[in-house]
Every structure is written in C-alpha cells, then in structure tokens.
C-alpha cells in the first residue's frame, strides 16, 4: 500500500511539490526491449503544459523530461524507469494570502488537519502540477500497450454546455485550445471562458476518454475490475467529482431490454456487438469494444471572487486567490485522463497475461 | 495485488460461486478486543437477503453467517476473521439456456473470452451473491469505525424517477421494500416495478450512501485518496456504471464561486462549513463533514425479453433468461453500498492512524 | 499489505485457530483450466498430518480438505479457490496451565503484549496447525508449476547430527518417519528422539528443499528477488530461525575463485554450470539449475521440563507443558518447506510471464 | 507488487543503474513533522561510500544526497520524500570484457536470460551501487523510529575467521576499516585482505546487526512476521546467501530446555528475559529485547583470477574482471544491513500502531 503509487504490475510512483526543485516519477514493471526515449514522452507533456493559451494557467514551465534510469541504448531494460522534470518557474511571490488562510473548496484545510504542515506555495503536493508525471508515465504505458491500441480524449462539456455528438470530429480536438471535438462548441466555450476569466471566476467541465483496439479479457473479478480501477484512476485526478463508464448514470434510466448490447457474429468468428452501452466492459472485464469513460471536474477553487474562510489560528477571514490559475482546469485534464486510462490498461494487460497467457487477442468464438 | 481482495490495512478477501456449496470471506487487519458475534453481522445480511419482497429475486437463502476464526470469547483477536455462509437454495434447474449462450449485457461472454471456463449456474462468480460477503465484512468495518460513525444508504432514483429531497425522511427507508426515503416516490416505484416485472423487463437505479461522524484527515494524496478508493469500491459492485462524490457531475455546471464550501468557526474551535458541495472530501482527504456518494446501477441483463445473442460455438442465437431475478438490482445494492463505504472508511481510519497518530478527531483550528 | 496473505500473483490467505471449528485458506490468482480435485491436495496433507508416528504430536486429525470454490467440473476457473479443513480433535482438556502462563520461547507472551487477547487453546493462531493450509496451497502451486517442475524436501540434521551427503537417497525419504535421505542417520535419529521424548525434552533440526526443472528468469531485482522472497517464506514457518540458499553461510568461508559456478556450453545451446554454489539463483533470478534452500528449526518450546516463566498478572511462575506435542517439530516442517518453495515459485512464474512473455524456458544462448 | 519497492507503510522505491546519470529513491509513508535535512542522511552514506580504504572498491563517488521533495522548512510533510545522488565517477573504460561475457557467480547471465538486455557498465542495476539508496532511506527510517531505538552493525566473520565475542567492543567498530568489534580480529583481517587483494581474489563474510530499545509487539502473524520480513530484507542485499535470527542455525542443535528464554519480573512490572536465544522475536513478534540478526555475504564474483565462462553468443570463453572492485563486499554491507533493519522496523512500527494503538511501549505485565 502506497499513497503515491498507482498500479500493480505496471506501477507508477510520483513525487514532488509544485514549488520544490523538481517533480518526478518511477515507472516499474515495464517489459524489456521496448524502444523508449524522451522524444516518446515529450509530446504528451507538451499537450498538458501550462501557459499555452489564455484559458489555462500562465505559469511558464518547459516541462522538459529526462529519463534517469531503466533505458539503455534506447531500449527499456525491465528495470525501473525514473522520469524527472525540473521546476523552473517557481516565481518568487507573496504567499501570505494562502500560507495562513484556507481556500474554500481546496485541499489546504484538509492537509492542515491531517498533517499539521504543508508546502503552501502553489498548492504544494496537492497542486495539479503532479499530473505532469501522470502524463509522462502514460506515454510509457502507451508503449506497453503497443501501436494497435489508440487512446484519445476530448472535452465534452464546459459548465452546462455540451458538445453535439453528431458533430464529433476527432480531428477538431487538436485544433482548438479546449480539446473540443465539436467546432461550434469550441467557439462558444471561447466566449464563455473569456468572460469567466475577466470576472475572476471559474467553471467545471466533463472529459471523455476512449481506448480502441483492446483485446478482450482485460480486468478481473471482483476487486480488480477494469472499471473499478479506472474509476479510482480518474477520481484520483485533481478536482474530479464523478466518473462513469459507457452510458454511466444514464444507464439507470434504461430498461434491461434497452441496455442489452446485442451480439451477432462477424464472418471472421469474432463477436459483433450491436451497441456499446456497457462502455466496453462487462463484469469488470473488457469485451474488445472501445472502452469509454467520462469524468466530471469541478471548477477550480482558486478564484478572484472573495469567499468566507478561516485561517490556521481559527480566525474568520476572507480569501481571494491572486496568481496564475486555470479558469477551467478541465481543459488540461484531457491529456491527464488519457494517461490514466493508458496506465490502467497497461497494468491490466500485464496482469491478464500473467494469469491467462493463452487468451485470444480478439473476441473470437469459439475461443479454442 | 489480488483480484478478490479489497482494502489495505482493513482487508477483505471474498470467495465463492453462486451455486457452489458456500460463499465466504476473510477479514484481515481488524484491531483486537472489539466485541463481535454473529448477531452483529446477521441484521445487515437480513437487509440484503433475497426473497424478501416481490421486487427482488425469489431465491430463498437463509444467509446465516458463521464466524469460523478470529474471535475468541466474543472479542476479536487481531487475527483473520473467516465468515462463512452455506448456499442452501441451489435449486436444481435447467441451465441449458445460459450454459452455452451469452446474455447480452452480462459477464457471461467476457468470462468465457478471458478464462475459457465458467460456472454458468446462477452466474457463478459474477453473481451478485458475492455481495452478501461484502455486507458481512461491512458489519465488521462498522465495529472498527465505532459507534460515533453512522453509515446509511437510500435508493434515490428508479429509472428516471427521482426522490424529492425536500421529502427526505431516513425513517421511511426501513418502511418500504425499496430503501426509499420519500414515501410518495416509494408508492410510485411499487407500481412501476410491478409492471416491469409483469413484462419481464428490468430497470436501473441510483443509490446514495452517507457517512456521518467521521474525523477529518481520512484519505491521503495522491493515489490513496478517499474518493478514489470509494469510487473503486462502489464501481466494483455488480452492474454499477457511475459513481459521484458530493455534487458529482452537477459540479461541472457550477462556477468556482458557487462551488466553494465557505467556512466559519464554531464556538468550540471547529470549522463550520456553509455547504457540502464537496461531499465531505477535499484533495482526497475527509473534512469532517458527512461523506456523500452516489452510484448508478444498470438494469439487470437477465430478462424475459428475448435478445439477439451468440453461443460458445459462435452461433447466432436468441437468449431469454428464465429463473429468479431482480427487476431492479439497485434495491439490494443499498446495503451493499453502505458496506463498501464502511469498508473504505475503516481501511482509511487504520491508515490515517498509522501515519498521523496525533491528528485531531474533529476539524479543530488551530490544530495544535 | 496483509499479515495473513503470502504471494503477489499466486496468493494465499490463511485463517483459523488451532482449536476453532475449522482452518482454511483462499488461493487467488490460479490460472484457469488446470485439472484440480481434492485428490490432488490430500496426499500432501497426509504427509504432514499429525499422529502418524510417535515422533510427532499425537493429535488425531483427519485433515480432510474440501474445495469450496474456484473449481468447476474438475477444472480451475481463474476465480479464488477456497480450501477448508474441519478441526475434529479439539480435545476437551485443561488449559489452565497455559491460559494464564507464558511458555518461554513461545509466542504466548508476544501475542499477549501485542493484542492483549489470544486463543490459548493449542496455541491458537500461532499453532503449527496453520501450516496444514500452506501444504494444501502448495499442492495447488505445484499444479501451476506443471509436471516438469519437481519439488522435494528432506530432513538433513537433527540436533547436531547431520546426514551423510554421500549416502543421500531420495528413495529413503518416504521410507522413514523423518523424511531422512540417509538410512543410517534415520536409524540414529530414531534412538535419539525416543530418548528425548522420554525425557520430556525436544530438539531442533535443519530441512533442505530442492526444486528441479525450473526455467531461468524467475525472480526479479531488487526487492522481488527469488531468494529474498524464499527467505521470507521459509522464515515465516513456525520455529524457523535461519535460512540459507545454495552454500549459504558456508559461502562466507569461500574465496571468489572457489565460489564461482563456472560455465560451459551443452551441445543443445544451453548453459552447463560446473557447480551450484549459488543454489540456482544469481542476482535474485533463477539460473535454471536446481534451486536449493535450507532452514533451521528450533526445538519446540512446549516441553515437560519445568521452566521459569511469568503469568498474565506479572507473577513469577513455573511452566511445564503437558499435552500432545512434537519432540522435533522439524520433521513435519519438511512438507511445509516444500509447499512454501512451490508457492514462491508459482508466484514468480506468473510474475515472470507478465513482464517477460518471450523469455526462454531453458538457459539457452544466444537467447534469441 | 513492485520489484523495486520494499516495505508496506514505510515504503522505499529505488531506481538507477551503476553508470547511469544518477541513482535515487522515493520514501513514502513517513509521518509528518519529523525534523529531516540532508545532514541527517549524509553521515550514513559516508560510512558506506566507496574509495575510503584499500579494502573496498576504489571508485570515487561523493555520494552527495539531495532531498527533492517531501520536506518543507526542515520538516517532513507526510508526502513522498525523493532522494537523489548523482553518479559522478562513471569512468570511461573498456567494458568489452563484460559486455559480452558472463562472470561466473554474477547476475550478468540471469539478467541476460530474463530480459535479453542489460546495462553491463559496472553491473548496471545489479550493482551494489543501489545499496547507497538503502542507506539513505535507512537514515529516514531511523527518524521514524526515534532516538530511543539504537541500530548498530558489525562485521563478525571474514572467510572462516570469526571475532571473539568476549572481546566485543562497539567502540572498536568505527576505528577500523572493517566495522570490526574485535581489535585483534581487525588486525588479522587486514593481513588477510591485503594478501587476497594482491592475488586478485575475494572472500566472503558474516555481518551482525542489532536493534535496541524497541517496543514489544512489532511484527505480525503469519506472513507479516518481523523475522520473515527481516529475512527478505537482508537476503535482498547483493551477494547475501544466508540469514539467521538470534541463535539461528545453532538453535537446531539445542534442546527445548536449553533454548527456552526464561522469564522473571523486573521491579517495574516489565518482563526480565534470562537470555535471548530468540534474537528478540517470538512468533514473528518482537519481545522488547534486542533484535539480533546475522547474514552471510559470498565473495564477490568480479575477480582477477580467470574463470571458465560463456558469452552472449553461446561461445565458451574465459573471464577475468579488471577494474575497481571489493576484495570483501561484506565490509560495505554493514551499513546496508543496518539500514535494512531500520527500514523493516520503521515499517512494522507504523503497521503495529495502525492495528494496536494502545499496545504498551515496553514489555509490561499485566498489560492493562
């Protein structure tokens, strides 16, 4: 049991505070002889990097990753891979506002009550800066999954405004500042967020992540279910308050007849599912269909609007957070969600292989 | 890593198939010298027991629990507690329908693809029968949490019909067959489910679970967050497709100013929160407010309505499940959700105590 | 982390007190479609069973194992296997001697200091009775390892009297009451133990266990070393005070030149090691040679000879243990040691397969 | 499960190859508000540092440790502590001898067979260089244990030459190059090792580590026994082939009457043990007496004497290792053994506290 480790066979341990000298992670359990260099990881970090548009925090970090171990002559060795990013923009600023005061809706107060000490600079360990290492580890996880598995994410809701699924275009996702698959929604969100930013407020969002090209059989009953561990992975991302798989909460409104993903056979002996209400997971085990999950991110609690709060001495105060913050933290959660999905899947791929080395890589029937 | 174990310091390992000779679990890590007898566990099992109303499966099981180890002269010893329930109503019936055919939306097909073998009788290991042991273990978890912590659950939505929160009465929950806190909703659901049952169909539901009387400080960054592990715990329950904490998905629609749980001071030096959008958890750590979670259960896939399916030989067939099944599995998920909440909290209480033995038991400021 | 669980992917959780209603274990992580029935397990339990000669405890237990889950129509399903043995000979006797008094050299006093409660009847949880479940789980582990892996054990020392390795005959092991591979030593031990038994005393012993037919590559740096986990496995057996691999402590007396296991090539491209000082493990990873380990068992502390002791109230007393006990607990530790070796190897086989699915099954060079 | 992580609640994950850019570790689970700076760690590293006498490897490494996270204003925060040491003396040399050839008795060949790739420079991941991070983590573990717990180690045997226990002086340990508590033995070893070094050979050794001032109750049945985890911890150190607790293998030669650690009462209500054959551990749980363990280190396999070997292509060759190596790796294993003992004890202290918060800190009777 480790509070800063995720995964079992593919295993990520992160460390570092927002304004310490560096952040890093150790990725253990990676199979040997996979090609891996910093160039495989950096593009994913660049997608998450702060300071790239006016809709995300203006902190300037190069987020240049270095591989310190586990790779030899461009190949993994099966030994732990240490990834390291120096913190470069630890702007010298006045932290008196948050050093002694607890922002409502922020981890400040719970860290104080639990530990009696915290690095208040930029949120310390509770900062979303930690998610850079998730993204880096996620890039390694993609290597473990191999080129046939495709993992993508998109922002599907900002505030109450959702994308039009009929207008979904994965190509659009990389064209706008929001990872939005619906060009019209992206335009609306631009307006909405400019206004929010001006008013010193923030807003929540919903992200969808999808994995295609998976084998069936990933995940395991009862407490190693793929969806259970994916729920933990996504809920562990900063500010996430809800997770759903497939139809999710909407499944509660369906009848059994409606919810059934009916099956026919493809000519090649694989199962053809008529729908994917289940989000690619039945009984905690992947069906071979795309795995689909969504998660809700609350609005950031670091806002310019003054809020009633208390301080370390138990005095009633007001808090108003100046500094560089995201009007919609949900945006940068897209690459983080993708990374967590990749990490969970890589872990389950190794676990599946250990117990079921002869399982089919596609949903073929009869199995033998 | 164990697929059939949940928890770290308070640790539950379950075993058993629906129609095997028995089901059971081992509860490890329980502190010594807690009073515990079968009479502390049985009432919770009785709440979950099948055959109690026409809205749940008609299988008849006494679900009489026996403690086989770990308790001496009415007290826990710190050694593993083995709990055991014999399966008594393994009705000899014709399983030919599901022995070779895969029910759409059911774990049948993924177990086949993963393992190449399964006990098809009553769903085998994938049956909700396993949840009886969660409820039994949850009763032990309540002992660990002590009498000051109160854990309750309720059904808050059946299909699209939700309870009126203004009419919420915990007293109503034990009066109807649905664990429904709103008497009028209970009356409506009775009609709705009678009709569904007659038509051989099923429907989904949403359950809410609440823990009161908790200390602050439970949970830990980053991957041991209380909400992350609670999400895994609830998502691991059969048929669950979504989990949310506090405002959950609705938090995505709020602004930062709206979502902030403002703080004032009580006269006794504890923090008075003005609201609980966060569901009692900030940064993965409990605030001392009630922990509130909801989860969505899909409609059961075992229905009388014929559905397109395939069989083990890869032939296209129709499936229509006869036998004893729940028109709304969400009902019996209420005591299971409570149990999982208790288990997660007991585990985190022990973990918190290990690392932070001097943390305050209420949200008091200044802390020291 | 669980105090009553051993292993990671092949995972054994045991429960039960010596004089409770039953003992049992849950074996998780077993691959599916392995043939398994009670008849595969019972012979190993019969070898360890008490009451079989006058040199071991006279308790009469049938130790009849039942499989309660995880097996369907004679095959494993990949789901947890629950094994169960009823305690039948819980002789009603007077426990007043040990209920309140702590036997020197026994776990009585540490259980009291740690837990403040214990089941004193027959040693409760600290009884060697728990090892019956290790033996049962070991039989399942052998199935996972397959027929090419052969695991055997022998008693090689009783008191200061060691076997003559030149006279080693595995055939002799099953012929005498001591699992002794040297017929002359067996004859000497018979005399020695008869005298000890008469005098109400006991003696220590050393056991050797050997696994042949293993693939290279089992085990992993740095903290998952095969020898490190084997050391934990063997040291966890009741009364064990020392563990060594290969030459063990004698390796300390060698020079590097002497200790080197030189290598030549076999005609089939596999490595031919000239010696096995390493006991089949280098850098924590198996070489493909036989894995050889030894462990030392102290004399049982339950003896008729009176010893100075204290009681629960802190009074100075004398203790003299009547009842059924082993003059040499090391004898029955032989099948237990074999079982632990099998369990460690099965666990590592699954772990190796997860990370290195294309590793060779023999020590072949070049590897590719 | 992680191959590069040790411990459960106090948890150490190491990374790094001998000749990579750096080595490091992450220490998780450390309680908050412990005073900690680099100056608390560096002295222990300095004791283990290479190049300090002619009896250890001549590699020159400053081994200057940096704390990169988890500490704020000189105090731990309860968040993961990242420790980092740059590799500075990665001497550019010719590795052709060991790049393609496997040293007998070395991990070279098993890494090749398992992974098909390895960083051959200086042994890569299998190098004893990894133990620097154990020593660093051990210094943090000592902080967790507090000032009342004293952990010390000594070299007690080189080759077949053992110390005279009657001459044992802890003060001598820091005065000679061998951590030898017997000044006369130290003088003999100096001669012995000078000759060995000249002849290009090496020799094994035995180390003893002792912890004093421990509370009773550390460790837990059955698979979390203090001695079982200590055995794993010590056996995981490079080149260790045997581990024993208390009397260890000598206990096999004792009778039960001899081996009994008899008990009387001290005036203050604590237990007075008459001897410590058990090495401070009964039933896997600490008694409150000193915990005593020994481990045997084989001679290093990197020697100048030519040995028969094979290469990656399966050709028969000779190997003779030039370069900087230890004639007796057992010497530098002393601080490493101390560190592993500290790590195991710190982990168990946290685990004990979680389950038994009211257990006494000394062996007091009656307990309540």
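We just call them A, B, C and D in the order they show up, numbering each chain from 1.
Simple rule for what comes next: a residue touches a chain if its C-beta (ideal position, glycine included) is under 8 Å from a C-beta of that chain, and two chains touch if they have at least 3 such contacts.
Protein names from UniProt, one per chain: A, B, C, D = Chorismate synthase.
These numbers were taken from a predicted model, which means no experiment stands behind them.
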| item | value |
| --- | --- |
| Of all other chains, the one whose Cα centre sits farthest from subunit D | B |
| Chain pair with the higher count of C-beta pairs in contact (A-D, A-C) | A-D |
| Whole-Å gap between the CA centroids of subunit A and subunit B | 25 |
| Centroid distance [mean C-alpha coordinates] between subunit D and subunit A, Å | 39 |
| Mean-CA-position distance for subunit C and subunit A (Å) | 45 |
| Per-residue multi-chain contacts in subunit A, two or more chains | 1-5, 8-9, 14, 29, 32, 78-79, 114-116, 125, 220-221, 351, 356 |
| Contact set on subunit B toward subunit D in their complex | 1, 9, 29-32, 78-79, 220-221, 350-351, 353-357 |
| Residues of subunit B defined as touching subunit A within the complex | 1-6, 8-9, 14, 102-107, 109-116, 125-126, 130, 157, 159-160, 196, 201-206, 216-217, 219-225, 227-236, 238, 240-249, 251-265, 269, 271, 274, 277-279, 281-288, 296-303, 305, 307-316, 330, 351-352, 356, 358-360, 363-368 |
| Interfacial residue positions of subunit C with respect to subunit B in the complex | 1-5, 8-9, 11, 13-17, 20-24, 26, 28-29, 32-33, 66, 68-70, 72, 75-82, 114-119, 124-125 |
